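Common to both upcoming complexes is chain A, partnered first by chain B, then by chain C.
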Partner chain A sequence: MKPVPVLWLIWPLLAVLGLFFAALLRFADTSLLQQIPGTAMFEGPRSLGNYADTFASPLARKALWDTLVMSLQITGAAIVLGYPLAYLMARSPSKFLRNAIFFVLIVTFLSGGITRAYAWMLVLGNNGPVNGLLREFGLPTVRMVNNRTGVVLSIVHFVLPFFVLTLLGAIRNIPASLEEAARSHGASRWAAFRDVTLPLSVPGLVSASLLAFTLAISSFLFPLLLGGGRVQMFANLIYDKIQSSFDMPAASAMAMIFLVFALLPILALNLIRGSLSRRFGGTRR
Partner chain B sequence: MSSRPYSPLLTFAAALVLMFLVVPTLVILYSSVSPSARVQFPPEAVTLKWFGNFFENSQFRDALVNSLLVTALVTPLTLAIAVPCSLAIVRRRFPGRGLLSALALSPLAVPGVVIGVAFLNFFAWTGIDSGFWKIAFALVVITLPFAIRALVATLEGLDLALEEAARNLGASRFQTFLTVTLPQLRSGMLAGGIFVFVEAIDNFSTVVFLTDMRTNVLSVQAYSYIRDFNDPTVSAMAAILILQSVVLVFLLQRFAGFEKVIGGK
Partner chain C sequence: MQHVPDIAAQERATALRISGLKKSFGSTLAVKGVSLDLAEGGILALLGPSGCGKTTILRMIAGFAEPDSGTIALNGRDITRLAPEKRNAAMVFQSYALFPHMTVAENVGYGLKIRRVSRSERETRIWDALKLVRLDQFARRYPSELSGGQQQRTALARAIATRPDLLLLDEPFGALDQNLREAMQIELRKLQESLGLATVIVTHDQQEAMILADRIAVVNDGRIEQLSPPAELYDHPRTRFVAEFMGVENILDAVLAPGSLTVAGSTIALDRPPAGARPGRDGPCQIALRAEAVTLGDPGIGGIGGTIGYRTNLGGRVLYEVSLSDGQMVKVSEARAPDLPTRPVGQKVSVVPGGITVLEPAA
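What follows is the complex of A and B.
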């Protein structure tokens, strides 16, 4: 008896992917057309006009720049906050501690975007517990919603579980005995970490950071709720375009540009992966 | 030399980060039983009226029903597509196998808003007008990578000897799959299924483009409510979702094991 042909196993996936890519192609085509004024319809001739308009618009250029800057800040914060947690989780001898950290990460991760966005609105709001504490100590209150602070904080919170879980896998693949060997030859804890574990974890750190950047750049819900209309990330600009004018060709062109920026880190990873594993070797991922 | 490979300073830093992660969840739970949207300590009173409000509000009720119906369709459908294709990716050698697995994961790399606008445009072109089917299809595309990743990781960890033994003892390929392979995929299907389920309930950035007057879902309804009202009804909804995720985490731990989930890349 012969095994089931591969095609039988994969045709449902091919059908779904086919429709997905058909939608993306149709979308790329739409971005070249023009809206018929006053309607939701569009017509030719095909041109790059919508792309030129987007790059010429100060609003769009500012949103693109802000999105990139904020995504870099968020990635930086994820590294600073996430590395200690991932390291502790990988190296702690206590199963209880490991499970506790994992529990917190997964519950945070699974409780969803709307939940967390609303939670941050409550926490950071002018009547929230943070400003309540400040008031209690007679300190001036700080505005943290409807500006960048709230947006960046909430997105850091959103990407942190992804970042930590990705980095964790990489650190766990580095044998703890390497660090112990350094320690027993007289290196301080910090020196052993800095000269042994940290360099070996670079490939994992790079993939985790790129994941954080990719998630940050596509944020939509957090700037929508915590930005209060004052913080425009690029995804929000596209949403506003659809909401305000239903100009599908213009929105499509903006989304195509956005897609290219969102895919850049993944392309970069594939380009540098070879040189990373050559330089740092040994560890997988 | 201390027994721990790390310093107390690191433990302290990690504790602060854990607090940062936990605080919003605690505040939401606290707010869901508070009398007003103002988060105050100590609490003035404890009330369950926001939970009542959530279930009595007809818009929330309709959205909840729609969300549950969509997930009830999307979760098994996504797994049904993902299981055979993960088998093909791990067990078979065929031309284009690497490309197939890259393409299967590709929706992960596309921002949700882009997928939303693309499908809005595509469905308008094809004339599909049912909000329910638009949302369901988009969610299958978005959640497939989660399911495939979990299943591929599980399949790669399986011992082929068990299946070979079944075949040597005379079981047909189909019998072997049903009685030996499939039961071993349980943890991968559970982990994948949970991610699919949660993403299908929670997705906002794509679904917001596909809802219409007749078909709203929980995430989009919660957003409209937050925009228009200032009371903790959404906290009650969030508290329910958090409790649900705690239950799911225990299921995951019980049947798949945390360590296994971490191991699955």
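What follows is the complex of A and C.
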């Protein structure tokens, strides 16, 4: 039997990818059509009217802006909280500490979104343990649900395991002997980290941050449950457009705009990634 | 404890002094009380099989592992609990541990930059160090653009650029192929001598230790079994472990008496006590014999009687395996040349031992 040329194996793959992409194209095409008023149906002619309407809508502009700002805040928080965790997991001599961090992250990872959202509602609620503790000490209570605080907190919690596990691999790939070499040549613990491990972990940090940003910007469940209707992230706005106005073309247009905004930082980082890996090298020994 | 005092070393001041060093990992005792001195400008090898504790000793000197007890002093200063960066002891790692995101020049200048040496002074010293290891043409390259030998020399230049009080080398030639390794060993020895830099090198390769060190500490199971100059270690190992590790071919059961030695029923007269013999320690013992220090003669000339059991031609030498009457076997290595006759298998011979070393009984 003659071997099947390897190139033929690409066709099933292309078919699957094509199907996915066709769905997106159909959606893009829909964004150019118009809703038939009072129905869930839509018709031609094609125009950019939906895009103009979206950009003209203060509500949509605010949601887009808020979503971007919150996603950046969430990514920033993931870096601040996640880098030390990843570093400890990669470098701590204590096996117990490494396993403890891993366990806590994985439990978070495996519990479903709804479970976590309701858990956060209980913890952060006005009668929850956090405010209970504040009250105990005679401090004013803080409103943390049905506002941005709760939404951002819960999404940080959601993206943190993805961030830490991605970065962990990158830090683990940097030989510990590099830091030791720096120290043996006169660098303090901090200087060795700043001059060696930190720059070498930048490519991993970029990947982990991109992942965190992408997950954050497409949040839907947490703003829905913890935002109490007051926090509109863009995915929620699109959902409302379909579920309450049945305006599929307008929702498609918003989704396309949203896609572009989500892709921009990824494209930008991909463009500079070449110079990044040039500057920070591989972790070749 | 040394057999022959190293007079040259005693005249020089002590650079490194280690006393009673102990270290355990969990319930395993890795280093069980190690003491040694290293003179200024001296080079000491810690030689032993993997897992013997030699690397742990080096890491404690460097400051990457903290001893449970004992002290380490460098130039009279107690550094036992000092952070690695405050010891002024530069280490060259087995993997070289070059910073991949820095050029060769930046790597070599790293220790100087950290010490806030001025830019112009830094340039000069980077250049000097690179010239010493003949890498001045490669200053702007990145480590990934260098060959293994060049990476090794970069690591060495980085270590000497800071003018450390002590140079620590952890299996520095392990990753190089044989030819390059020997060239680099001799180069390192010359460099170390010209700089007069006190150096500790960890290796499992006895030949490397012989080439590089002026004293060798054989480490076994967390202890120093013998600390001697290379030639003495080679000729007169003190224990069976050292003898085997130094590649001594023959370790024989013998009986020692004043003025004589009996092996396999044959008694040889000795005009002076063999190396390692102690007064009052006569009786059954083990002796170490190098194959090249033993000669073969015809029966009756007064050696140990035996029969040639096997013969291997090694080119310039012939290796005989001689069976003794009690079943022990002696390896004998003799020079071979076209006009020299070799002995056939089955021939009765007399084994005349030379360089006999009496080994200490196992503890």
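As a convention for this text, the second predicted complex is superposed on the first by the 264 of 285 C-alpha atoms of A that agree within 3 Å, B and C clash if a C-alpha of one lies under 4 Å from a C-alpha of the other, contacts with A are read in each partner's own complex, and residues count from 1 in each chain.
Following the convention adopted for this analysis, contacts are C-beta pairs under 8 Å (C-beta built on N, C-alpha and C of every residue); 3 or more make two chains touch, one makes a residue touch a chain.
All values derive from a computational prediction rather than experimental measurement.
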Chain B versus chain C as contact partner of A:Arg183, first or second or both or neither: both
Touched partner set for A:Ile10, first chain B, second chain C, both or neither: first
Which partner reaches more residues of chain A (counting touched residues only), chain B or chain C: B
Partner chain in contact with A:Pro175 - chain B first, chain C second, else both or neither: second
Which of chain B and chain C A:Ala191 touches, first, second, both or neither: second
Touching partner for A:Pro199 - first (chain B), second (chain C), both, neither: second
Where chain A meets both chain C and chain B, residue numbers: 180, 183-184, 189, 285
Parts of chain A lying in touch with chain B, wherever the complex brings them together: 1, 3-4, 6, 8-10, 12-13, 16-17, 19-20, 22-24, 26-27, 30, 40, 81-82, 84-85, 87-88, 91-93, 98-99, 101-108, 110-116, 118-123, 127-129, 132, 157, 160-161, 165, 168-169, 172, 176, 179-180, 183-184, 189-190, 214, 217-218, 220-221, 224-225, 235, 238-239, 242, 248, 251-252, 255, 258-259, 262-263, 266, 285
Parts of chain C lying in touch with chain A, wherever the complex brings them together: 62-64, 83-85, 87-91, 93, 95-101, 110-111, 114-115, 142-144, 158-159, 162, 168
For the chain A and chain C complex, residues of the former touching the latter: 175, 177-178, 180-189, 191, 195-196, 199-200, 279-285
Footprint of chain A on chain B - complex, ascending: 1, 3-7, 10-11, 13-14, 17-18, 20-25, 27-28, 31, 37-41, 80-82, 84-85, 87-88, 92, 94, 100, 103-104, 106-107, 109-114, 117-122, 124-125, 137, 140-141, 144, 172-173, 194, 198, 201-202, 204-205, 208-209, 218-219, 222-223, 226, 234-235, 237-238, 241-242, 245-246, 248-249, 252-253, 258, 261-263, 265
